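Naming follows writing order (A, B and C), and every chain is counted from residue 1.
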Amino acid sequence: MRRWIPAGLLIAVLALLPPLLPERHLATFVLLALAATVTVGVSLLMGYAGQVSLGQASFYAIGAYAAGLLAVHGVPPLLGLLAAPVIAAVAATLLGAPLLRLRGHHLAFATLAVQLILLSLLAQADWAGGAIGLQGIPRLSIGGFELRADLGYAYAAGSVLLIAVLIARNVIESRAGRGMRAAATSETAAAASGVAIGGYRLAVFALSAAFAGLAGGVYAFYLGYLAPGSFPVLLSIEFVVMAVVGGLGTIAGPLVGAGVIVLLVQLLNTLGTQPGMPGYAPAVLSYAVYAVILVVCVLYLPKGLVPAARSAAGKLRRGSA
Amino acid sequence: MTAVVETRDLTVRYAGATALDGVDLTVHDHEMVALIGANGAGKSTLVKALSGLLRPDSGTITVDGRLAQVPEGREMFGDLTVDDNLRLGGWRNGRGGRDTTAIYDLLPDLAGIRTRRAGALSGGQQQMVAIGRALMARPDVLVVDELSLGLAPLIVTTLVGHLRALNTGRGLAVLLIEQNARLALDLCDRAYVLEAGRIALHGRAADLARDPRVAAAYLGGHIEVTR
Amino acid sequence: MSDLIGYLVTGLGIGAGFALVASGLVAIYRVTRVVNFAQGAFAVLAAMLTASLLGAGVPHGLAELGGVTLGALTGLLVGAVAVGRPGTSPGTSLIVTLGLGVLAYAVEIVIWGDQPRSYPGVPGVAELAGARLQAHYLLIIAVTVPVFALMAWFFTRTDPGRALSACASNRYAAQVVGIDVRRMGLLAFTLGGALGGLAGVLTTPVQQVTFDSDVALIVNGFAAAVLGGLTRPVVALAGGLLLGVAQTLAAGYGGGAYQVEVALVLMLTVMIVQAARTGPVAETAR
């Protein structure tokens, strides 16, 4: 029973919060939920497969472009949205087969390279709108009901996040998940216990890409416009920051990490756009926040916020007992 | 006789386990002292603590003068030449103390290989370089960690000859950590036996060589295990 | 034919810039085992400062020296944060340098804004065997080659250089002989900063620089360095030149498109072939 409490809490927040939010904050909610969805995958990849991806925004872009292009060519939007994670996962599988032979910083640079290649190809692809971007993506419609207002997208993004969280939890609690955990800490130990590391690693890579692709699909319909510039390398780095700050290898970690960072950046953005602030203030403040939080976190809270908070709470409880 | 190295109640713990437990050990000047013990008895920990690479949890280490280490496994700078290896041995001396000429007089075998890559040398040659590198620090006491490990007997004899000459000719004190207990007890004046982080026995080397406990544990039918 | 020679020399000039970034990465990686993600930022900062100094009337040479010095100081600063704390693993340090690279964006925008910057280099057009190319490319090559020779001399013939090589070769033995490996790590970062700064200062006249130019620089630098396993400066030089020529040829004969892809696919291929040959290296990222 207890294991359903956090899930219930998440459902309650995702269901009850959006109508209470003022219209201008709904956009933040949508972007937060989408970022958290991608980060759940990144956290899974880093914490459970021990791999750093500096190119996760590629799969976000692939999902977004897949959904957008299908919809532009007359495929029903919902079908396009369903295709987005599948196409992203297939791309990840094809790319992962050779790339996942690499480890550590080699894999980090390889995933970064993949994203740069993708961005360059997209900028040159006239069929995808080129550098100018893909325009005229219809709004998402489900069963003839078209989502126009931000509230609808808040629910769409929330549902996508919930799906990612539930799948991630099942993966972590499965036998395969425990095997992967072992592989992340010690490859030799995992190999000795008969875990097929390579296969699991590829599966997690594909799954994390599917999460990113699904979030990207919602993003495409929400904005109605896509350009290569919407998916900079910095976006990939942001996902890594959120995962690391929240705490790898937990379900709550990516949610807390994405929440803390998106809200903080939003707050500073509001501050930076106050009258009298220089025009560059919002960008500078957000770069500074990402940088400082990341550096301070890896040096002083290497396990991330959620595990740190848990162990602090544990100490308190033991102290009072 | 004054002590060049003295430890008092030296204790080192790793992640909860005690590696050294109240070790009292003294090396006097001009003296050759052996430290024998099985694998995992704490010999390497003691060497690291003496060299200042590891901070003791309690107890004191006093070194009167300069201590240099010939590390286990020789630990060459494999990509660098023999001459550069020697030169770096004098790193602590500053610019003026890095002239390698004197070492080639002491260990003439090195003169012929001074420009060769240390990584490409034989084990015996590397051990010679390691001794030369330690001597570059102009030490008062030399800590030699596993002199004979993995080397042919003839080469060991040569190296032992050099150590003895340094000891008698230049008054260099030597602490020899050895798995080959017979070699160590033959060569040295005094000896310590380290067991599970404690000094189990110590005394004159000749006496220890006759001690039935030492004979049973370290000498009797003991076959040198190479790594 | 004259087209080809023009592309080749231009490519060598561009490649020399990559090689300098790569050599900075190598200098740092050898000693600290940290892949320094902020390497591109050194180049950007140095180029931006040089542009400002030149704009303020500081003569050529002095302005560039100012830029390289800023690169070196930034290198020292990044090193202090990334490897200054005892017990920081190389994987953690990599993420720290990633963060510091982003922090550099904030600093650069505050000081210099987000618009591309450039400044004139060697003016005019040179003629080489019938090929016409910007004369500045020749300067890049003419500076890079002696710099690599100087580095070879430094690493093998001077005591600080030997000590750096010693840390790279055997960290434990370096500690045994009394070398302070953490200080050597900082020295390596300073050197890497200067080399990155030099790359930025030299290439900006032919390739304008923006605050986020660092990504392209670091990726090309890594691609060049990875050929030599990130530890061999001379292979990094060869890798950089090869990469530069490959890109210019792709751009020249491919009509300007796909030059980014050529370099990146080359890098991925090299890494995958290396991994297939040596087997997966067990290094954890964090």
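Throughout what follows, contacts are C-beta pairs under 8 Å (C-beta built on N, C-alpha and C of every residue); 3 or more make two chains touch, one makes a residue touch a chain.
Going by UniProt, the chains are A, C = Branched-chain amino acid ABC transporter permease; B = ABC transporter ATP-binding protein.
Here the structure is a predicted model, which is why all the values come from computation and not from measurement.
The chains that touch both chain B and chain C are none; no such chain exists. Innermost chain of the displayed assembly, by C-alpha centre distance to the whole-protein C-alpha centre, is C. With centres set at the average Cα position, the gap from chain B to chain C is 43 Å. Chain centres here are Cα averages; for chain A and chain B they lie 56 Å apart.
Chain A and chain C have Cα centroids separated by 31 Å.
Residues of chain B touching chain C in their complex: 51, 53, 69, 71, 75-80, 84, 87-89, 91-92, 95, 98, 133, 137. Looking at the complex, you find that chain C touches chain A at residues 35, 81, 85, 88, 91-92, 94-96, 98-103, 105-106, 109-110, 113-114, 212, 215-216, 219, 222-223, 226, 257-258, 260-261, 264-265, 267-268, 271-272, 275-276, 280-286.
On the side of chain C, the complex with chain B involves touching residues 156, 159, 162-163, 165-166, 168-170, 172-179. Touching chain C in their complex are the following residues of chain A: 46, 50-52, 54, 98-99, 101-110, 112-114, 116-117, 120-121, 124, 187-188, 232-234, 237, 240-241, 244, 248, 280, 283-285, 287-288, 290-292, 294-295, 298-299, 302.
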